[in-house]
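In the two assemblies presented below, chain A is common to both, partnered first by chain B and then by chain C.
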Partner chain A sequence: MEKKTRRDFMKTLGVSIGATGVLTSSLLSSCNRVEAVSGDKIKVLTAGGQLVEVDISQLKPAEFPSLSENQERGRKGIPGKSWVMVIDLSKCRNARECMKACQDHHQLRPEQHHINVLQMQDAEHTAPYYMPKPCQHCDDPPCTKVCPVNATFKRDDGIVLIDNERCIGCRFCIAACPYSARVFNWFEPRDAEKYEGVTYNIEANVPQKKGTISKCLFSADLLREDKLPSCVSACPNGVYWFGDRNEDAVTNGTTKETVRFSELIKDNAAYTLMEELGTKPRVFYLPPKDRAFPFEGDAPDHHDA
Partner chain B sequence: MNKIESPEESRKLLDKIFKDLTRSIVKKDELTRFWFFILLMFIGVGLWGWIIQVDRGLGVTGMRDYVSWGIYIANFVFFVAVSLIGFLLSSAMHLLKIDWVKPVSRVAEQIAIAAVGLAGIIIVMDMGRPDRLLNVFLHGRFASPIVWDLTVVTTYLTISVLLFYIPLIPDLALLRDRLGSQVPKWQLKVYSILSLGWKGNPKQFKTVYHAMRVLMILIIPVGLSIHTVTSWLFASTLRAGWDSTIFGPYFVAGAFVAGTAAVIIVMYVYRVRHGLKDYFEDKHFNQMGKLLVFVSLLYLYFNVNEFLVPGYKMKLAEGIHLSNLFAGDYAPMFWFAQIFGLFIPIILLLFKFFRKPLPITIISAFVLVSAWFKRYIIVIPTEEHPFLPIQNVPENFHHYAPTSIEIMIMLFSFFAAIFIISVLSKLFPVITIWEYAEEKGIDKKYLSETPKN
Partner chain C sequence: MYKRINLFIAVLFVLPAFQVIGQDWVVPAENSAIENPQEYTLKNVKLGKDLYMVNCKSCHGDPGKNNPLPLVPVPPDVVSDQMQSNSVGDLYYKMSIGKGAMPQFETTISEDNRWRIVNFIMNYNSNRKQLLEDKPPVKAQLLASINEDDGTVNVFAEYEDKGGDYSKLVDVPVIFSLKKTFGNLELGECITNENGRSDFIIPGSLIGNEEGFVTIVVSLGEDYEAKDVILENAKICMSKEVPKLIRQGVIWSTNDNLPMWLLLSYIGMVGGAWLAIGYVVFQIIKIRKYSKE
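Right, the complex of A and B next:
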């Protein structure tokens, strides 16, 4: 049990290093050499933003899978799972905690959105509403079809992933995606120097690379640790449900309540985005009915106030 | 096409034809040097721009997450379009035994080689990671239209080079035997190697005819595929403005228009610069004019289909796209391309006066510029209007405008294409000498005679 926690911690650490900017890769390599308990403590930030103190000898980068292993298991997916997301539009008030958490997790610049909260109005006189829009993880994805090098692909667990070690940067997938879900690294990615030397994790698409593509991955790295995607757990308003369709269970990121997926989408008349295109999205929307918050147009800065 | 019986007359005429058609090869003057200097300078500047782009990332361009294909791709489509003329003039019309195209077919092949070569280069320059080009071969997926495009572009380039080279072999032998001290030694050596020991006996000519015929037939499906597949890069997506079933023939028809105009311009340049008035005759311009009207009418028909049918229905996303073209930001470019690139040329070229060399060259210049605008309009406006709103991004994500780096690289591609054409015309005759001589009634046996100097 203890060992597992430590390994989990190490994985979290691998990702949080650059994101928090507290550790550098030189620390990791120095830790590699110190095996016995040294008594030297060091303060580190976890992905959750907690400051903790650990013994230097406990930092073991070797437990992180090698690049090729990571790519291999990243392509296969998590066995037996079939991930789905349900977004309750009646609960969203444009707090944008999901966008923030996502950008921190995936090393994204402020203008790069794996998830983007859009202000929608379907027709001239209908009510406007906020719509968080991640990658739809289509079961018939137009983006993977057009990729010339198989750098973006559909896994058995339903996630559409990217291998930015292989991407040639042709941007055909951007053209093909009707949901505008994909972003490109037009420049050096955010905090590039802090991520230097960090082993690429295909399931988080971190470190990002200049000249390659990125998009929402349902935080596949966190799913592997039995955690919810970062946007889902960051939401303060209970917008997101996430889970496994095979188990027919989805969990709310805010309340941690778990319900039957089939009942949730049936009772609330869930729909998918632009279903007429035949892409078969894995993201389900509950209509913005009986809304918890009024629509207030542009982003109100809830957290700064 | 009367056979000239007298050997004296035959020899004299052949000498004259040879002299006229090799004048550009033999001639050394300041203007030519200056021309190559200008071309190389622009090529250098463009390559420098590309180095900056590789170093800093594609962010130095005006492209962003929504408009992620810009003028590089528009340029790519333009080059593929122009290259298609090689297939039309030197293959399809040859096979239909339309004799007047013979002197024009090498010009068409020069343009085809230059354009398809640059199409290949510009697509690499558009890549975010050109260093990973090999991945396309290592991990290529045959389900991707890009892989189809790569296949047909390289095949078309190969066949075009062969279709340029094989009819050139007898000419190379002529150059080898007759130019003597008029050109540097290395150049003679090149001719000698490339002419593959050509002797000019009937068996060899039979082989050349046979090979040309095979290539001309082979290039038809490849030529049609190259531009059809290029159109599928767009038509295979779900985007409004690209999601069209007629994109293949629409692109092919447009390609004939652009390519015919390009050939007319190059013909005119050769006619004036190399004094080839008796070779690129008024009748050739006249015929090319008629061809341009014909392909323009075909293109007009596809334009009516492409814009009027969705314009009648005005489905939501298509409607936004079309309003943008007809009356929005892109209206000036759209109407310029339609009016000056299609309507007016069709009307003017119905009159014989406008099919004379100078007027038709000016008209062709408008047609070619319009063809480029048209490619811009096909590629960019669609991307500015995705299905979901563009929000929470900086202002420059909403609209595309090419940056100076993009313009540098675009100029590189134009000047590099002109450079290839210039080199080909400097090294090799711009009209197939032996074919032309035969056309004038000179027997083949005189070709293999070495003239007494």
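Right, the complex of A and C next:
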């Protein structure tokens, strides 16, 4: 029997390893191929939360944004921006389109509100008015400071976000927020089965998770695509102005008119809510003067029509 | 196809419903009979058009283009029979008082101006002579260059005449705006001179991006069909300041925002306390040891 040298052994080892590699990779690639049979349709949920139907032959495996990448990007914010919202109370007629658009975008149940239109009367003899109230995105937010797990945080572009992968549901932030801007997922979120398996997008807080906090985030996922937040573009009455304070411009969601933020604020004597608390809100209100619509109490639900 | 038929049936049923809603709005007889105190002149119609564009267009759409906002009921087009079947008094009453989605403009537009808008609507009435005619937009060309030293934009405009030749556009407003994140901020306009040329000084107080670059959009009014000139990356403005919002100095919840001095002094204090305790314990052990000896 001939004696095998160490060199011979290494040679056979190398060849067999190479062969196994080729075999496995070809096996794997055959598994990955999607059968291209046209005519069959499949239902797909888009990142925006819409259920669409596409031909199965059109399907290609997509690069899924990884959760950790989403979280890292979501914490950094959009460089150079400083988002502000201006709400013109004289234009609001309680159409509630903002609330509807928001609930559709952020997977909220009917009783959950990131933005809520309130009926206000400041004192006994003052005029009642409608007031949409989103998160105020304070520059000195009380809510982020009480979070024991760093789940809620302030970004450099001004938005206060929540990471429901970190949230433990202690609800300290709900107690700390003077504007009652936060909601808790007491039950399974709306359309939970539709969102199963979708990678969590921290900038839309979708999919929602039972037992965690949710809050308004100025539709940060849309801002990244240079689109206005969903409540702003849904308003039919020109109530909302939104823009970048650093470049001193805000755009109306209805008319798409762009004006200088500083002039709008100055000319209309804008105010912020509970400024005495020193929270420095980013949502500015124009007083309900010269109103376009009379106050009618509980307005009829326009969505039934 | 099936869906389309469904939609068609739905539209068949819903359309009359809208008309009923529209006709439901009864104007008191004394208001309906009021005549327009503003004269029906070209000047008043033009002023009415400007007011319409600012206050009404967002819902009612452009006259004759049938592009209203999809509200319930749908705001009627200015040219439509639903609108034109109203008397001038009806129109004035309805725009003043408002109903449902229609705002009450008596709080925001003066009486004279409301009558001017009525004049503009009457411009499309079949019983009246049309004073302001909608001409199709004229093909035009716009050239613009920017002088970064003094912040002036030089403009030259020309239009295509009937013969197909281009000749200079005289006495026409050119609109300048600044590109912002969600839209264009209008800066102002200038009128072209007899050579079809014009200059516009960009105010230096504008805010550009972090490096001070801005994008200026130059456009002709809607009477002309011309490509907007987009002057990109002009360095004529102040650069945008980006203040830091995230404050350093919290020791809890956010490790990233923890300043080094706070971390070191915290660790130093805790470590010092443990050292002191350790020293005491060590001394006690030592005393025990000596007492045994």
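Before moving on, here are some points about what is shown:
To be clear about the criterion, the second predicted complex is superposed on the first by the 238 of 305 C-alpha atoms of A that agree within 3 Å, B and C clash if a C-alpha of one lies under 4 Å from a C-alpha of the other, contacts with A are read in each partner's own complex, and residues count from 1 in each chain.
Heads up, the rule we're going with is that contacts are C-beta pairs under 8 Å (C-beta built on N, C-alpha and C of every residue); 3 or more make two chains touch, one makes a residue touch a chain.
These figures come from a predicted structure and were not determined experimentally.
In the overlay built on the shared chain, the residue A:V54 is in contact with neither chain B nor chain C.
When the two complexes are overlaid on their common chain A, residue A:E111 makes contact with chain B while staying clear of chain C.
Shared-chain residue A:A192: touches no atom of chain B or chain C. Looking at the shared chain after the overlay, A:L228 reaches chain C, while chain B stays out of its contact range. By the document's definition of touching, both partners, chain B and chain C, reach A:P148. In the overlay built on the shared chain, the residue A:D139 is in contact with chain C alone; chain B does not reach it.
Contacts of A:I174 after superposition on the shared chain: chain B is touched, whereas chain C is not. Using the contact criterion defined above for the overlaid structures, shared-chain residue A:L277 touches chain B, although it does not reach chain C.
By the touch criterion defined above, A:I42 reaches neither chain B nor chain C.
Touching of chain A by both chain B and chain C, each in its own complex, is seen for residues 145-150. Those residues of chain B that touch chain A in the complex are listed here as 56-59, 61, 63-66, 68-69, 126-130, 132-133, 135-136, 138-141, 143-147, 150, 233-234, 236-239, 242, 383, 386-394, 397. Chain contact summary for the complex, chain A toward chain C: residues 79-82, 93, 95, 139-140, 144-150, 153-158, 226, 228, 236-238, 242-244, 246-249, 251, 254-260, 290-294, 302, 305. In the complex of the two chains, the chain C residues touching chain A come out as 58-59, 69, 71-72, 98, 101, 103-105, 107-108, 177-178, 180-186, 207-210, 240-247, 250, 252-255.
Here chain A touches chain B in the complex through residues 99, 111-113, 116-120, 133, 142, 145-151, 166-172, 174-176, 178-180, 182-188, 210-213, 274, 277, 299, going by the rule given at the top.
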